[in-house]
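Look at the two complexes coming up: subunit A is in both, with subunit B in one and subunit C in the other.
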Partner chain A sequence: MSKGFNWAMRICLWIVLLFMYIPIIAIIGMSFNKTSYGMFPYVFTTQWYRVLATTSNLPAACWLSIKFSALVAVAALIIGTMTSFGLQYFSPKMAKRFNFVMQLPIIIPWLVTSISILLLFTFMGSGRSYPVMFLGNLIVVLPYVVMLVNNRFVEMDRTPEAAARLLGAGPMRVFCDVTLPGIMPGILAGGMMALIVCFNNFVLQYYLSPVAVDTLPVTVFTRIKSGYQADLNALSAIIILIAVIIVVIMTRLGYSGGSLFGMSSGSGKQKGD
Partner chain B sequence: MAELIVKDLDKSFDQHQVLKGISFSVKSGDFLSLLGPSGCGKTTILRIICGLETADAGEVLVDGKDVTKVRPEKRDIGLVFQNYALFPSMNVAKNVGYGLKMHKVPKEEIDRRVSEALELVKLGGYENRRVKQLSGGEQQRVALARALVTKPRILLLDEPLSALDRKVRAEMQYEIRNIQRQVGITTVFVTHDQEEALTMSDQIILLNQGHIEQQGDPYTIYSQPATEFASDFLGKANLLTGTLTEADGKWFVAGEKFRIPVNHCGGKEGDTVKAAVRGEYFEFCAQGDEGANPFHLEKKIFTGLSWKLIGALGEQPVDISALGMLADGLDEGADLFVRIRADNVVYYNN
Partner chain C sequence: MKKKKKIQPNSLWALPSAGLLLLLTIAPLAMLLLFSFMNRNMFAGQPWPGWTMGNITRMMASGTFWDLLLRSLRTGLIVTVICIAAAYPAAWAMAKVVPEKRRGMCMILVILPFFTSQLLLIYAMMNLIQTGGLLMTALNAIGIPAKSFLYTNAATVLVLVYEYLPYMILCLYSSIEGIGDNLIHASLILGANKVRTFTHIVFPMSAPGLLSGILLVFVPVVGSFVEPGLVGGSNGMMVGSLINSQYKDNLNMGYGAVLSCVLLIVLCVIMAIISFATKKAQQSIGGDV
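Showing the complex of A and B:
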């Protein structure tokens, strides 16, 4: 390929990367700026972090969102892992059909899902409440867990489980000693995905959260409509930092994003090519 | 040490019947091979014996006790898998000691028996290695140690050598047999490699499409194949079509320009039969010698150990294998004479 083409491609790559990361970098910068709306002159201050730590309503909402997402993720992991485990005993034809049904909640717009749930529960007389919000979020994240764990089941060698069986381990022991370590990357990936999707899920929480209970996405939405303050930038910067730390730790532990989600990472070039 | 009896096993997958009334027994301490082409049901038999698969009908008896309904973890039968099936999350010692841990053996005894088992498979000192660091041959040894350390009553080997390269395979054949004799464990070995079965076994069962073609010791199976399939599967015998004839109380299979002696085992004079003769049982002789048949040598192929001589006995194609000292001097296109002893010929009346 020509040199000029190569250079053009390289420049394109950098433009895309810049486009992806400039907003993230900008918000970190702005969290240390004195004015709220990202205007110049840039005056360094840590006052927004102080606001965040004292008067802001964001930490409470954030903490609620974390607790809620964790609860949803744990429930999704337990149900999802059991579902994928059971799915392995289906005939290939049935498994395919089941997968199709299972994946629908990802494809159906969340807007539709949330309105249907709201309608159903209003009809049943309960309306917006914690259990309804919990169920709604669970429905949406469950397919991710099932898909990611199922992916591990399909990829991994199942004969060690038979071997453990013949060495005297009962079905429960086999699951804990052999199956679980094998599907662990899928469970980690599924758990992460469930946590993030739920933490983010404005649509479902906006429609289903109990009255006067605001999760972080809902709070942020209200704040942007009325009374934007840069403590939001400070919170964003902290969340970004935590996300970076998690990715670094996962990579150190040998779980790169690609290996977890069953996709390849790195370049297609092999050593020695 | 235990005696294994398998009775009338039937098994179907969907509409396809893979086992049709399989029955056999293995004497305590014997080494039995189930030999057959892929899809003949040999692995299914193994999986039924250890309980990973359920038979539609029939039973499995260990030392006279019916274990057909016993769950696999209670059967006390060891299995070595083709792909080793080691636990990737555990090191070598944990892998080998897993069965002992399941049987609630005290920790010190586990450590001791694991070292012993690793010594037995010549992997002493490998306790703390990670499974992924081992070569294929080493992994298979670990799998063997893991299966033997709990002292199961019966050892099953499911094509344990087919993933190894030729040299390691030969070494492991010898070693598995050696260890099996040392431990004295009743063993069932599944393979599609006839050479492997012949080298290692006390008894061989030849399977084809879900039924037993022949059972016997390696020499009998090889030299007296009971069916056409057996003669073809074990080292490809020559099949010669001819007429059964009797002369002076001796029996022959005769065809166009050839006549070979046979031991009479059924059939009457004039029947059309197929005689199976292995290539290495032909002997070169001179014209006019007793039993001499004309052989036209068409092509010579060097295979290392011997020459493969492709030609025709009378009108029918025949492959003869001959050692270098006999065949080095022969030219392609030569007309020669060969003979064969009746003991080395079998015929099938059909």
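Showing the complex of A and C:
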């Protein structure tokens, strides 16, 4: 490719990144600003971090969301890993069908998913509650785990398992000592993905959370609607900081963005060239 | 019934999630259909309400619903097209121009927004474009008398593009990364210009990524209700807002169920058409790849 063309592409990338990061950087800047609506003039203060640490209802909501997402992620990991393992023994045709149904919770808009689950449980007489919110979030994150662990199974060499079995290891031992280490990267990435998708899933929690229980996304939504205070800016800044740390750690561990979506086999392998 | 093959015992490990899918995906969708024909709301403990076709006739007669559906589809189209237009060059630069050492850094930058809450992203964008916010202050400072466009349709589109652009970039990136450099060189050396190289090599070979990108952007955008509700202003309603209000404000579950069903069907048809068209384009332009 010619130099000019390459530079044009590079500039496009820079513009896109600027577009993505100007609001984020602005919000971090505004978290140190005295006026509460993120407006000018700019007066430096750390008061919003103090508010966040003392009177704000955001940390409680945040903590609830963390606990809840961790619970959902662990459940999704266990069930998802079992599913991927089982899927390896399906006939290709059945596996394809199963995977299609598995993808439905991602493909159907979350609004429709939440409504239909709410209808089902209203019909069954329970309505909004913690178990329903748990199940709803679980079914939405499960496909990510299955997809990512599946990818590992496909990439992995499965002959050591057969060897272990021949050498006399029981099925449990083979799974724990040979299979599990092999699919571990997929499990870790899947768990991370499940945690994040659940932590941010506003729509499902908005519809399925028990009455008067507000997870972080729901609290943020209410805040934005009803005139917000700048402790939200402070929380945003902290969450962005945590996100940076997580992403850097994950990348160091060797996960690329593509592998998070189960589309590329990671940055280590490159086709073509 | 003929038995195809002996079922392997290990495949039974998939049973729990098969059960979950049945309970939480298939059964709820059936419920959506059931409620479409239901007379009143049904809450826990109330008696069976009885059947009706009223919801469907009301939907057919409702001008608002069809208007909003059209507007949502239009918004979805605009947002998807903007995302594709912005993501192709960016993904190309990431996969082919940026040196390999810095590719990881670019990747971090693109996926970072996923790890922050979507609502925080919306909030950050609102904060930026509001009256008296950073953007307007900056524009006024350099002498452009700009008025904030927060609470307009343009703001909805902007926020949606902001949220969904990374999905498109990642999808296209993973496809473009797989195109061999030699193939592109060969095409250019053999006399094809850039446009031809794009339509005959890059596009067909990145079509799978493009398709999953469209799926990940178009569908949620058409079904969105949070963004139009928060930044779209009073005229910014989309079909998702209407469905949402059936549950949050009007408590009309049956009508909401009908609208959800129609939205789902329309989305399915559109996605089927897009997927068919992409495959056809891929075949007719690039041959069998």
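Everything that follows uses one rule, which is that the second predicted complex is superposed on the first by the 247 of 273 C-alpha atoms of A that agree within 3 Å, B and C clash if a C-alpha of one lies under 4 Å from a C-alpha of the other, contacts with A are read in each partner's own complex, and residues count from 1 in each chain.
Keep in mind that, in the parts below, contacts are C-beta pairs under 8 Å (C-beta built on N, C-alpha and C of every residue); 3 or more make two chains touch, one makes a residue touch a chain.
Computed from a prediction, not measured in an experiment: that's the story for all the values here.
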Subunit C versus subunit B on the shared subunit A, clash or fit after superposition: fit
Larger contact residue set on subunit A - subunit B or subunit C: C
Partner chain(s) touched by A:44 [first = subunit B, second = subunit C, both, neither]: neither
Angle at subunit A between subunit B and subunit C, C-alpha centres, nearest 10 degrees: 100
First, second, both or neither for A:164, with subunit B first and subunit C second: first
Subunit B versus subunit C as contact partner of A:90, first or second or both or neither: second
Touched partner set for A:173, first subunit B, second subunit C, both or neither: first
Which superposed partner A:181 touches (first subunit B, second subunit C, both, neither): first
Touched partner set for A:135, first subunit B, second subunit C, both or neither: second
Superposition-derived minimum Cα distance between subunit C and subunit B (Å): 9
Doubly contacted residues of subunit A, that is, touched by subunit B and again by subunit C: none
Residue ranges of subunit A in contact with subunit C within the complex: 1, 5-6, 8-10, 12-13, 16-17, 19-24, 26-27, 29-30, 37-40, 79-80, 82-83, 85-91, 98, 101-102, 104-105, 107-113, 115-120, 122-123, 125-127, 135-136, 138-139, 142, 146, 196, 199-200, 202-203, 207, 216-217, 220-221, 224-225, 228, 232-233, 236, 239-240, 242-244, 246-248, 251, 256-258, 260-261, 263-264, 267, 270-273
Subunit C - residues contacting subunit A, complex: 4-5, 8, 10-18, 20-21, 23-29, 31-32, 34-35, 42-45, 86-87, 89-90, 92-94, 96-98, 103-104, 106-128, 130, 132-134, 137, 162, 165-166, 169-171, 173-175, 177-184, 188, 194, 209, 212, 215, 219-220, 222-226, 230, 240, 243-244, 247, 253, 256-257, 260, 263-264, 267, 271
Subunit B-touching residues of subunit A, taken from the complex the two chains share: 157, 159-160, 162-170, 173, 177-178, 181-182
Sites on subunit B touched by subunit A in the complex: 50-52, 72-79, 81, 83, 85-89, 98-99, 102-103, 143, 146, 150
